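Got a structure for you, questions after.
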Amino acid sequence: MRKICVFIGGRANYSSIKSAMQAIQKHPELELQVVLGGSGLVDKFGNLEKILTADGFKIDEKVYMQVEGDKPNAMVKTAGLGMLGLADVFERLQPDFVIVIGDRYEVMAATIAAAYMNIRVAHTMGGEVTGTIDESIRHAITKFAHVHFPANKEAGERIEKLGERPEDVFVVGCPRIDNVKRILDEDSSMPMDIYQTQGGVGPAFDLNEPFILISQHPVTTEYSEAKKQITATIKAAMKTGLNIIMLWPNADAGSEGISKGIRTYREFNPDAKIHVFKNLPISVYVRLMKNTACLVGNSSSGIREGAFIGTPVVNVGTRQNGRERGQNVIDAPDEENAVYEAIKKQLEHGPYVSEPIYGDGHAGEQIADILSKVEVPVQKRIVY
Amino acid sequence: MRKICVFIGGRANYSSIKSAMQAIQKHPELELQVVLGGSGLVDKFGNLEKILTADGFKIDEKVYMQVEGDKPNAMVKTAGLGMLGLADVFERLQPDFVIVIGDRYEVMAATIAAAYMNIRVAHTMGGEVTGTIDESIRHAITKFAHVHFPANKEAGERIEKLGERPEDVFVVGCPRIDNVKRILDEDSSMPMDIYQTQGGVGPAFDLNEPFILISQHPVTTEYSEAKKQITATIKAAMKTGLNIIMLWPNADAGSEGISKGIRTYREFNPDAKIHVFKNLPISVYVRLMKNTACLVGNSSSGIREGAFIGTPVVNVGTRQNGRERGQNVIDAPDEENAVYEAIKKQLEHGPYVSEPIYGDGHAGEQIADILSKVEVPVQKRIVY
Amino acid sequence: MRKICVFIGGRANYSSIKSAMQAIQKHPELELQVVLGGSGLVDKFGNLEKILTADGFKIDEKVYMQVEGDKPNAMVKTAGLGMLGLADVFERLQPDFVIVIGDRYEVMAATIAAAYMNIRVAHTMGGEVTGTIDESIRHAITKFAHVHFPANKEAGERIEKLGERPEDVFVVGCPRIDNVKRILDEDSSMPMDIYQTQGGVGPAFDLNEPFILISQHPVTTEYSEAKKQITATIKAAMKTGLNIIMLWPNADAGSEGISKGIRTYREFNPDAKIHVFKNLPISVYVRLMKNTACLVGNSSSGIREGAFIGTPVVNVGTRQNGRERGQNVIDAPDEENAVYEAIKKQLEHGPYVSEPIYGDGHAGEQIADILSKVEVPVQKRIVY
Amino acid sequence: MRKICVFIGGRANYSSIKSAMQAIQKHPELELQVVLGGSGLVDKFGNLEKILTADGFKIDEKVYMQVEGDKPNAMVKTAGLGMLGLADVFERLQPDFVIVIGDRYEVMAATIAAAYMNIRVAHTMGGEVTGTIDESIRHAITKFAHVHFPANKEAGERIEKLGERPEDVFVVGCPRIDNVKRILDEDSSMPMDIYQTQGGVGPAFDLNEPFILISQHPVTTEYSEAKKQITATIKAAMKTGLNIIMLWPNADAGSEGISKGIRTYREFNPDAKIHVFKNLPISVYVRLMKNTACLVGNSSSGIREGAFIGTPVVNVGTRQNGRERGQNVIDAPDEENAVYEAIKKQLEHGPYVSEPIYGDGHAGEQIADILSKVEVPVQKRIVY
């Protein structure tokens, strides 16, 4: 009975691993352990405790680690706190594998804690290329990880180039696509009850009308720019005359800049048809992506889920640089006019056909199955 | 005036960067900042404060971070504490570059702290291959570092294979060889006053007689084995009938196993001609390496400095696996007989001719010079 | 030349010690050291860096320590992080005295760090009695402190009862009153330019009209109640028909409850004449206290500064229980009706005459003077 | 079913609470939770994991927190680390009471963590008076504690003077005396098999001969003096011509000074009849106290257990200043001659009659019983 411990550092982590967690839970030879940390324990970023419990998961450990502050040193302290907490946690849980997801700063902390303690690390979403400190973190995690589950072929090849053994690299697709597939199979219509179920702030415009969806996060190397960037995006979207549904940013350095930008704009434009939601369930968000006229911002969802769903996407700024993308994405620099022009093009084009670049909806089962059998030495060695 | 901050986590770090620190100090366009941490602040591992001050360096910051305990989770907590301390330190010092050395767990902490805070990282001794968790740490540091100073050509090529830009990789040799060269140029004779100047414990045998030098550290993935391993090494060396000079281990997980092994052996063999020193100055240690009949253990010095000096070395166990080595090294598994047989061969062979695999003695100046001019973007991107 | 280090953990700390800092700065035999930490480094609670710099103070050290989260364990982690940072800071600064202010959880951390490191601790605002965990913290700090500067006679007597030596207790008054006196001496009129200089959110009603001032913080043992409590206070104030000026809460557990209460009320009552300010300069706040029809909430300012200024105050709930108060305060439980009735009484009464319970405006100079001369043993001993 | 959580920070903590733990374990209305931390997890200070397990206790949580280093700032960092770990631990365990023992720096950390998190704190060994930073810590813990279990009447009175409610103070005696009584009831003879069972280093002299027992710890405010002090004690004891049994020091700042003093003396006096033990089981130690000619040093055991056993004790230096003591103790300053003279007097006097100053052997049961029933508000308030 192998013990597979999943470290979840925030909302995005969870939706990127949920289907694998379900598959592990069901697998007769695996025992699932769940450790919650990072922004996943902070109410304003969408505390995950209730969500996981409602989804049928038992949270084995919680590690409070999120340090306040809108500067990069808060990221360092958060990661440091995470390591202090996780050292005790992994000692208690004694897992056979720790699954770490993606490339955020607190995920690095979980990776180091596990690797130093001679626990095997399985990494999802490695081998991709993007445009912030996440780029360095992702590849550094690869150098600690013992088993790799990249989301696409290109990423898998990059992991091998990084000196990892080919037999440890398994291209399974992204588990987020598993959820997307299941959600849309059930119901792909617009969530007309979203005001009732999700609350949010701002005027309640008619959801039958076309709308733009905005999801924009701070770019850590330019965190002081965050407020200016979100303002440009909002103004560009407003120019189309369409309604806007908007999401609150994640907990990165700069997030307070984004939040301030949103609040200030709404304060000065109280009548703007912008409705802002805090933490939409993935099922609601996917249906918004299916039904939006255009998704604008720099969320990876536009590129990953967007390719599968066929959402018209305007990808703003440098945050997703280098990430493999489909036909559905138009890139734009973070200037009001450029963003506006790109949105216009997407409105003219309309929905795209589905491209399964990031998987076909069966990643979770494959991850569970591989982890139940794979044999890897705890002591790694570069292949060249 | 660029500010170059050196993070020193212990004795070995210091001797591996000292010549570069001197060159930075002298360079008209550079300002040196020194941060001391890790085992470098713990008396029993050789507190470096006095040594650095005596060598003419000002210590700008001290970060106490070493957590007690003979288990891998102490390494995690030490690294976590280091990140917490260094976040404040780098915020105060605002360096243009942080130099990190090698591959120990607290060096990873300094690397992450700097990289998260958008400070450029220069890494020495990257691209090498060894046999413990250090292997993963070293390559992960490479993925965060902006400028690379590998010690030899092979290591430099490996760094490029890891996806780093060739223009950021500078093969300058190892600064430790700079010291070795300078020391032996001055005086390469046996340090006959070592009992007077260095103290140590154990009988004071005649230093004109041939002696074996033992320097053995714990191997982190096998820390419980540490005591057994050192005992095997001591017994093998005793079998030759030669006197033994021995060094205390570093602060890794397992170090207490080594210490206990040494103490137990001496307790039960009070008459054994073994003299144990705590922290020999590098100048004394190099002269011991020059004059020993054979160096036994798993210290990297046998392979690196040993090649330059021509010391006959028996390298025990897995710790230095994969490190490029010269003619002077015979590898042996950590079993008493195997080690004994290897020592015998080396005693028959005697000293080797010098091989400059790890540099020609001018690494420090090159590092200072390059750091005064190099232009690298803070945002990294893998080349493939 | 004695080095006097002031630890400032937040806005309130700063206004409670500013006049002493100025006096220390001017004193020929003292050198001032400033360490900033806690919520004082977090933008949303009013980052103090700019304010201190503008006031002519050099910040020697910054310690980021504020952990996110609306639960008591975030307070523990914040204090723990503070101790880790301050251990390095005090080692660097080597102060002769550390001044700690009041009774918040991060102040406990600074106290322990200094006392463990054999640095003398001077404590202001000790010996008072209130109604939350601050009560325990305050008296525990007294047991670590070497010199005591209580704000009033009653508090000084309590400190002596706690087993402190009478010769170490100096009743100097509260330094906050020093500021209040200076501010009102200069200009005690309503700050008519407050919208222009301080921004804030909410409608800009006529400042010539009478207004209620609300300043309410969470009560830590009842943090889940925070939202309900602030809502009751707002409703009671609204019932009077007067305009409302309101302040954002501090960083305690429960602060997000307060914030949510304020936001929700404004969302549902967009036309309510409530203007909310983030971090008013003390000079502006004191003039608001001078000109408000009634101050409502549970801020200590109502009781301390209020007594000196003569502000009519309705003190809500348990937070200020046990604090010595003047004629100007009417207490009310945190229920809408009770608060409303109390406000009505105060509106009928109008301004009160000044009572110097918490000092006469010369506390800062006395503190500096005493610290330049006082001799106390670092090893404390209870007197009974 | 009340959950009673015991925090054990080291060997001394454990022997001071063991009988209460047994009573809690047996109590039908109580559930015992055990948290191990501090030096209790460090091998060289006597790792308690095996001992507790052998005694039938389940360790619920382990928090690694001991920071290396022989300076007071290591104490601060250890306490800070402890708070970070314990915040997560108490969140998981959700105890009704946390029992904290005595006055060491990591016990303060456990106290704060519990109190900030609104968990009731029960404190044993409060109200006493001693001569180091422990003095401040002990009384500060009292100010956080909700229920007090002082070891004697005088201590109980002091707790009430500190402003605690009389109904929360229960003079139950010291649980260490419970163990002592049980041990001596079973077998009070000299442990003649001590070399076989406990190992230790140094010559194996005849245990039928009279011997001096030395147990000396560093005094934190004078930590640099530690080596000098232990050397004086050893020399004084050697002068008597008797054999010496000696104990390793605890983990306080200065402990390395003590250790170095012991090692150095033995190195230069290899024939001295001194046998040093690491961590004697309490059962062995008590029998040594019963049979020694004189106990020398500054351990509290001389004063507490010594009074009950009737051991002749020479109490050296300031560490136990102010602690209530019986006829069996002669105090001496830490100078060789003074210590020697005091030892001589004790050798002439011989064993003393038992004095039950610190309890009659039934403390543990009373503690369990009271904790099963006592009702105290979580919000404390000073009584005056």
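Read from first to last, the chains carry the letters A, B, C and D; within each, the first residue is number 1.
Going forward, a contact is a pair of C-beta atoms (placed from the backbone, for glycine too) under 8 Å apart; a residue touches a chain by one contact, two chains touch by 3 or more.
Since the structure is predicted, the reported quantities are computational estimates derived from the model, not experimental observations.
> Could the interface between the copies subunit C and subunit D be described as same, meaning over half of its residue numbers are common to both, or is it different?
Same, since over half the interface numbering is common to both chains.
> From subunit D, which chain is the farthest off, judged by mean CA positions?
A
> Averaging only over C-alpha atoms, locate the centres of subunit A and subunit C and give their separation in whole Å.
40
> Could you work out how far the Cα centre of subunit A sits from that of subunit D, in whole Å?
51
> Two-or-more-chain contact residues of subunit A, please, as numbers and ranges.
64, 73, 77, 81, 84, 87-88, 91
> Please give the residue numbers of subunit B that touch subunit A in the complex, ascending.
72-73, 75-77, 79-84, 86-88, 90-91, 105, 108-109, 112-113, 115-118, 129, 131-133, 135-136, 139-144, 158, 161-163, 220-221, 318, 321-322, 378-382, 384
> In their shared complex, at which residues does subunit B touch subunit D?
39, 41-44, 64-71, 73-74, 77, 81, 201, 251, 256, 263, 267, 270
> Please give the residue numbers of subunit B that touch subunit C in the complex, ascending.
61-64, 81, 84-85, 87-89, 91-92
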